[in-house]
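Which chain is which? They are A, B, C and D, in the order written, and residues in each are numbered from 1.
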């Protein structure tokens, strides 16, 4: 808040603040704006059922692909469904996919990563499996998984999660590997702390900072991958509107009715932009090196 | 060095075996029946059953797997269930376009992204930094196909500088290749540029704080020499790493780009094969892309020592 | 002790700093980092800048090079004049032109100051390529020539080597070659030997003196080691909190310091005279080490490798209440022994008996109940405490592991805070809210909380500046008096060893070369290696705390006086 | 080769299967017409005409004698003989449902000399010529005997025909590109071309089929002149080329496609006729077609199961479909049937553009009528596999799916697979419907067109009552071409003979 109240900030400083912290470690105005945008979009999506004018599934074959008007704020789609209602409702699912994927992959990845990082015996096997998972192109794996389970919401989340997990595992593992060499961990060993205790109390908290950053990236890319899966015909059923499948459905109309892609695309981009910015900010805030420089 | 490479190459074997088992199981668990697509709409159950028998789809899983492995060990990728053509040939045909586009993408990305990242780090917290990072976040937040459409709209339809779609091999003339490969490469490059620029910036920021940079400046060396001779080489390892792991992203992007630009590459082949349950093709393709990924990352690993003499194997 | 006593009144002034003020960028109201610095250095003069950590020594030197980190520090006022050229207002290209030609600099860390990915030869040549028009072969010739002048061995090979292939001393020679190749008027050396062991330090100091002699270079030498100052300085400035509080020729400063701060600084410097050994107590030895071997690596899966024999047949024991010091140059295996005893690594062979139990071969689980008998304090006070834990939590961790209830542990922790002279409310704070010295005291408190029989201190005071170091050493002494713990004290600083140890063990390349009562080992070393170590200690004849030369009788110069 | 004319065409799908007998895929059939020839073929009046051969029928109607015309030659230079014809027909007869019926009553099929083939039946089979002349789905293409001897369950590996184009194997990229070259030694018939019959005169040197997975890209490519011909244009996208004077969007023929819904007769609730009727009442042809096509110019509300513009087509009994959604009727029927809310598992493909809309629209309409609908999205392959499952829903079964046919594929009760009522042997959905089987037998036995029409009407009425499947109407997918492409033959199957290409 201090940053906003500080009127002496020139526009230029405001912009440059978008990326990193000012020298005195205040949160710049950029991340603030990002946070506001994100909160607005999240709330708007969350409460969409309360205010959208139409059932997002209600079709009217006679009112297909209508331009924006009083009755249809953003026009209608190829089924004659209200685009505004669909886009706002779609946000809920897309965000759910993003956040769900981030949470699942981080919690699963963290557990595997901690084990791999600390127990030499398990490390080799786990990392070979993770390498294999990484080597299989994420999209192809996701398509196959979706084909396997049908494109329900949960299977989409699983499909996007599976390729993300190895990245989280690698990250956590590397943090654990370097943290376990830290003198404070050796001190804990000397103090007679048990392995699980060291793992959970000393090492795990060290992974939080990079994981928050990673989480924001996963969240953003999950929303995008969902869009790509829809594009390839392996996405969530059109009965459940998501930004991804709205765009994928609207893609053929790109030159005729760009609004079908533009509006969900805009919200998606804003969201991802905001999430990424917050992730970067989190990284800057949490990076001990940055702190040292500030100090 | 040689021993290291040998060790690394050997280490890829278990990875590839796991990939193979994984892919095989995944496919057999996936619903869908190649016999059904082969037979078409009007087939009766008995006909389907006969076709399945003929394709060996009724054998126990383990038999099918062993047959496949045995074939693989003899360098035989099998034949497509649908077109009845050898998979190796199909793949060979389709590999060229993808590889060429990927190489062009990487070239474009590296040429643009690295200087972008370097300058952003050098001018940390200025508008240049802001611009570069904005672009890089934007590159992340727009789906590939939208970028593709936008580029087509602008460069192919409005400006008519390049064809809308298609692919020509460089052997048909570089101009023909270039004009068609440009848009898909740019489309693919947006994400890649974003990724590399961001990593370059982060890595450079770290390096620029190092003592030897101060040493270089204390010698009175010019700033561009400081940046590109002293800093960049030290920042190279994480950048290379991201280029290597980003390759997976590239493969994902390829699938979409090949659809949008109608490029007969392996991305589209694989998706088609998955949608048609053409098992031998899917298996070969995923093994191949996994192999390429592993190979690229092996190259990256080995190239570390070129950039950083401290890394010796 | 002989001090330098050349008269510089006629010498040409090289660097003039007047009323220099440096502040944090963009924060005009914050306290100034440099507050009115005045400094004169004349041709051929060695001017030492001393003072506690954070007093502004490095900032002063960087300001002179015009290398202040722009986004953090900026000059607010004052003048820096180099040979009549105003550096404060120079443009970037002008400044680039001056550097290396007129003014050059050597940095503290030879490990990090050289670019790891460029061959050292190239790095030296870069100076010539930047500032002269010499042809390639001339450049190479000049470079080789310079490398020979700084007494690098095997010049042709080193020319094509990368920094990591050289030893610390060799790297520092490269830095010096780089700094002096264009005959600058002024050489700034910011703690150039702090990271080196004493023998190498001595060689480097000699080299700088030699080069200075040859070219009449003015040297601004920054250090906090008063021994080094005593060896090399013509004049000295003492800095405190961004100001120069005292400025005097070396002899005057050491014999007759004017300012209280200087006096305090000097008194904190430990003596090389060993203290009197303490009474050997009656009890059985707390720790006994027999035939300890430690080999790193050497069990590659595919390809057998040689392995590093870091400790070979080490034997010693410590009685309750006594301190055994392990000294030796870097890499001699000191930490290896400590870590084996702590069972942070598993020794390859040998027996370790602590408080009556043999622990060398126990598994992790079996070892756990024995852990409370032995504790360790590490070198780096910044990394040895979990930054996310409050002090209280760190202090209670050990006792809770051994069944103490949280309340009791907390109470005990509060007592410990008193013991280490920290306020009680410090318990609720986090490590980053303390200074290095305070953190080290917390680390000691954490070890003591376990009421161990053996306390291992691995370079526990090496990272601290002299005044803080003195406090921590006093604390350790206190604790030993109070609890009668046996202590294994590892250091490479002979002054510290002399002050705190009853017995000393000298290690070289993993072998114990000498072992005996501190007085004996330090006063009349038998082994050449020990003798060299002692001779290399700078300012060894001066009793800084008492502002006079050491009493010959209690000195222990190996070469008989 | 100066002035070589090449036509680049974007077809509706990639060519992956090259054996036109083993699959019913349209693209493979289209491929078949390029490189193979047929004995007899229908013209635009649905009348069989001689193509490779003329025929004579014996008085008793039990013996057909085919005589090959002169000049027939395979691409490898060998002449076409009676033995080739026999082998080809036999292989086809194992696969094609109509062919199977004929072979059920076949006494012998023999080549009596190089040019003559005699087909003897044990029982009259009225529509024999119609069946072997049909243009879809699996016409009896004539291949060399050595190729036709391949088992009907294996795909052929040699692609030699006697048709007007030669398949260029070296430039074939499955799913991407196929190249055909003019067969210089092909001797066309002298009659003008009409559908699959008449003279197949080739006026271009080379035809390249390519696939474009992205509809928008394909249109843009056509607009930019990178391709010459686009087989299918999405109606909604027509405005993109609307202003381009070099591009023409048109209907290739007036017959077009039908889209249908198929209930599973084995499982509740659709094992109950009343509930099937309720579903039919709930659905509305107009809104489904409008959603699929957008422009009424390109769809046709039509309740005739054999198509509205075919000889057998009749709309009797179909008001419930063509009059919009009859929600009240549907509700009443559901009530009468005692529908207990069992959810309808509706399979919805996500990757076949022409099948995406129907389930979505249907789900909405069924729900409005009081059905519980569980619409399950999946890729087409999953649909293909799952629709073959007869188990209960809980074990992977299904209740309803939609698919499309071209009109000639449904135009009579023998060709139309959905009219099969033989339970487990019937097409997916497995109605056990002895009545329709009796009617089909009547149809085979019917002597002339008038009699056939009568039977067809009865079948139409029966299907409307029993709801063997739900006819959802006709639609036409227009094609687009550069103006340089002229003289395209109007035909349900896109053909590349007759066509000319001018220089730009």
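Going forward, a contact is a pair of C-beta atoms (placed from the backbone, for glycine too) under 8 Å apart; a residue touches a chain by one contact, two chains touch by 3 or more.
Protein identities per chain, from UniProt: A = Putative D,D-dipeptide transport system permease protein DdpC; B = Glutathione transport system permease protein GsiC; C = ABC-type dipeptide transporter.
The structure displayed is predicted, hence computed values, not measured ones.
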Query = How short can a chain-to-chain path be from chain A to chain C, counted in steps between touching chains?
reply = 1
Chain whose average C-alpha position is farthest from chain D's own = C
Inquiry  = Looking only at C-beta pairs that count as contacts, which pair of chains has more of them, A-B or B-C?
reply    = A-B
Query = Rounded to the nearest whole Å, what is the centre-to-centre distance of chain A and chain B, using the mean of the C-alpha atoms as each centre?
reply = 22
Task = Averaged over CA atoms, how far is the centre of chain B from the centre of chain C? Could you give it in whole Å?
result = 50
Task = Between chain B and chain D, tell me the centre distance in angstrom, where each centre is the average of that chain's C-alpha atoms.
result = 39
Inquiry  = With centres defined as the mean C-alpha position, give me the chain A-chain D separation in Å.
reply    = 46
Task = Please list all residues of chain B that touch 2 or more other chains.
result = 31-32, 124-125, 149, 259, 275
Request  = Mind pulling the residue numbers of chain D that touch at least two other chains?
outcome  = 216, 220, 351, 378-379, 381-382
Task = Specify, in ascending order, the residues of chain A that touch 2 or more different other chains.
result = 147, 232-233, 251, 254-255, 293
Ask   = Pairwise, which chains touch?
value = A-B, A-C, A-D, B-C, B-D
Inquiry  = Per the contact definition, I'd like the list of chain D residues that touch chain A in the complex.
reply    = 215-216, 220, 234, 236-237, 239-240, 286-288, 290-291, 294, 348, 350-352, 356-357, 360-361, 363-364, 375-379, 381-382
Request  = Please name which positions on chain A make contact with chain C in the complex.
outcome  = 23-24, 182-184, 186-195, 197, 202, 205-206, 288, 293, 295
Ask   = If you look only at chain D, which of its residues touch chain B in the complex?
value = 14, 16-19, 22-25, 95, 97, 137-138, 151, 153-155, 157, 172-177, 210-214, 216-218, 220-221, 223-224, 226, 351, 378-382, 384-386, 388, 403, 405, 417, 424-425, 427
Note = Residue set of chain A touching chain B in the complex reads 12, 15-20, 128-129, 131-141, 143-145, 147-148, 163, 220-221, 224-225, 227-228, 231-233, 244, 247-248, 251, 254-255, 261, 265, 268-269, 271-273, 276-277, 280, 289, 293
Query = What does chain C use to touch chain A in their complex?
reply = 24-27, 71-72, 342, 344, 364, 368-369, 371-372, 374-376, 378-380, 383-388, 397-398, 401-402, 432, 443, 446, 450
